[in-house]
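After this come two complexes, each holding subunit A, first together with subunit B and then together with subunit C.
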Partner chain A sequence: MEINEFVKNFANQFDETDASEFTPATDFRQLDEWSSLIALSVIAMIDEEYDVVIKGDDVKSSKTIQDLFEIVKSRKKS
Partner chain B sequence: MHSPFKLINKNILVTGASSGIGRQCAIDFSFNGANVFLLGRNVEELKRTKELCAQDVTIKYFSIDFSDLGLLSNEIASICDEIGPVHGFLHAAGIEKSLPYQHLKIDDYQCLYDVNFVSAMEIIKTISNKQYRGDKAKYVLVSSIASVIGRLSLTAYAASKGAMASAVKSLSLELAKKGICINCISPGTILTPMMIKMMDALTEEQRTARKESFPLGFGEPSDISYAAIFLLSDAARWITGQNIIIDGGYTAQ
Partner chain C sequence: MAGAVPCRVIDNLQYMTERYGEENVKAVVEKVGVYERRFADEKTCSSDLCFAAADKLLTENNIDRSEIDLLIFISQTPDYRMPATSVILQNRLGLPTTCMSYDINLGCAAFLYGLSTVYALMNTGCIRKALLLDGETRSKVYSANDRHEAYIFGDGGVAALIECNEKFGESYFSINADGAMSDLIMIPAGGYRKMSSAETVVEKVIDEYGNMRSEEQGFMKGQDVFAFTLTHVPKDIKKVLAFAGTTIDNADFIVLHQANAFMNSFLTKKMKLDTDKVMNTIHKFGNTSSVSVPLTIVSELKDKLDGDKTILASAFGVGMTWASAVLPFCNCRISDIVEVENGEPVK
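Then we have the complex of A and B:
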């Protein structure tokens, strides 16, 4: 798993926010476009691309994209 | 004395009887006098349902999977050969999918449509045959309030549930000629294994908000089974083609 690719996949779930706004350190819940629907899209993307099922509370407990990446990465190993 | 609200001596088929709403319906039908025939995939869970049912009526279970619909009407015919006339059918087998539309694949639509809706139509084709149908037969399909309201990320599921609610209207006209009534029940949120899994994708706050959106709080499987008993009983002889909404007041708002 590679963080840059994860950031790109993450960014793809947004329609209006410019791709340049997304870095591993992005505090994604502060983005104007962030919504519960995008959260569901992110969960679906992680399931499709990484074959990892995460919960709503996992998204909630992550501040940055990097945080979420770490959760997915740790689940993928096990 | 004749008790029109009971199900005494009626043979009732229940799909999805291994879990949740279907299991509760099977149990409550049996305690209201019905012989209940449990259909589902998980034999261990079907056995468990059988144990929970009344012991003074006939309870049998049959393992059946709706992923191969081509086989279904023959399988149902051989079950009917064994159990005799079918007076009631409760369709609670179903699958749920919460996915934003951009993530939905053709297979997702197809699978939801087949398991939730087409399976019921194939079963009805067989059990409504002269050969198998019981006197004053009644059928109930468990749809969902997603058949009448919108909710984020439920497009494919809602389409399959809406199909049930609208098919029942046309089908009721054909079945009326045979003296059969058919209706949908559309529940709001009930904490069954299916819903608990779906709610995992929500945050704690969203779960609380969901609960608060129901004026009477979340429902219980028996809120559905009690209405199903009524719709399958002789008392409901003049009700057909309807979509009965049971949602703790959600759609009243």
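Then we have the complex of A and C:
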């Protein structure tokens, strides 16, 4: 798993937010476009691309995209 | 089979725009895929929808009502806390007092639970004909001021008449429950754990977005329900297909619980289902909980179940409960959908 690819996949779930706004350190819940529906798309993307199912609490406990990346990475190993 | 819906059509884009403004609503409506749904009026209950459907089915097919030995009513929006609504329907439909009648209180997966229960009882040889009724008025359960739930739910009722005969072939079910997830979809108050009071009916702000609901209105942890579905449903469909010794290619039609369009298209893609075989009604009826599987059959498969056909069905939701089935249909007749107003079928 590679963080830049994860950030790109994460950014692809947004329609209006410019891709340049996304970095590993992005506090994603502060983005104007962030919503519970985008969260569903992120859960779907992680299932599709990484074969890991994350839950609502995983999204809530992550502040940055890097945080979420680390959760997915740890689940992938186990 | 026969179905009934309230005659009041909700244009979802218009209805939600009036509450939340144009800017926010369109994208959500497109994502959940609910463009129209039906809302029952004050005088229409789930039982009225089921009565209308059942009465039409029995009349159109010249069924001798004295031969019906079993009535099961599936709903989480019954008429009363007691008695069971099935018993009221037994009388209203003119069924004999020898007709065993009871309710099944389950949500989205309940039609398959009900069908497996009816089939099992019929295998005892003691039941000639059974009526399986499934009705919901979900519009009365959720707060219109809570965006998490306000977009998707609708009302409907279905009646299925079931007879046992070897010509129908064998049906296969996978039926599951896991109460460890009982808090994912819930109405917390109004039962006996937390009884109804002046406090429990007041809508209160529940989050930083200003969404409001009372403790007697439903909530759903959408992200966890989605995660649950991804984890459990594809596996369950594979399990029932293996149990039936068949493959998905042998199914003529695939009917999934109409949760929302985003979830269903993701499941369809994930399982590589043939989209021509996957039936959908989410766009016109919304999510009607347990009714969505049979209502989709009634709405989309009228005149398409001649001869021998196989439906693969899978449903999942509150409980959590989930179920999948391989169901043979043999010359199944489906009536036109009835509309209901003020508790009565519209003539």
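Keep in mind that, in the parts below, the second predicted complex is superposed on the first by the 78 of 78 C-alpha atoms of A that agree within 3 Å, B and C clash if a C-alpha of one lies under 4 Å from a C-alpha of the other, contacts with A are read in each partner's own complex, and residues count from 1 in each chain.
Basically, contacts are C-beta pairs under 8 Å (C-beta built on N, C-alpha and C of every residue); 3 or more make two chains touch, one makes a residue touch a chain.
Model, not experiment: these values are computed from the prediction.
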item: Superposition on subunit A - do subunit B and subunit C clash or fit; value: clash
item: Contacts of A:Ala25 with subunit B and subunit C, given as first, second, both or neither; value: neither
item: Subunit B versus subunit C as contact partner of A:Met1, first or second or both or neither; value: neither
item: Subunit B versus subunit C as contact partner of A:Met45, first or second or both or neither; value: first
item: Partner chain(s) touched by A:Lys55 [first = subunit B, second = subunit C, both, neither]; value: both
item: Touching both subunit B and subunit C, residues of subunit A; value: 36-37, 39-41, 43-44, 48, 55-57, 59
item: Residues on subunit C engaged by subunit A in the complex (per definition of touch); value: 27-28, 31-32, 148, 221-224, 226-227, 230-231, 262-263, 266, 270
item: Residues of subunit B defined as touching subunit A within the complex; value: 98-100, 102-103, 152-153, 200-204, 206
item: Residues of subunit A defined as touching subunit C within the complex; value: 15, 36-37, 39-41, 43-44, 47-48, 53-57, 59
item: Residue ranges of subunit A touching subunit B (in the complex, touch as defined); value: 36-37, 39-41, 43-45, 48, 55-57, 59-60
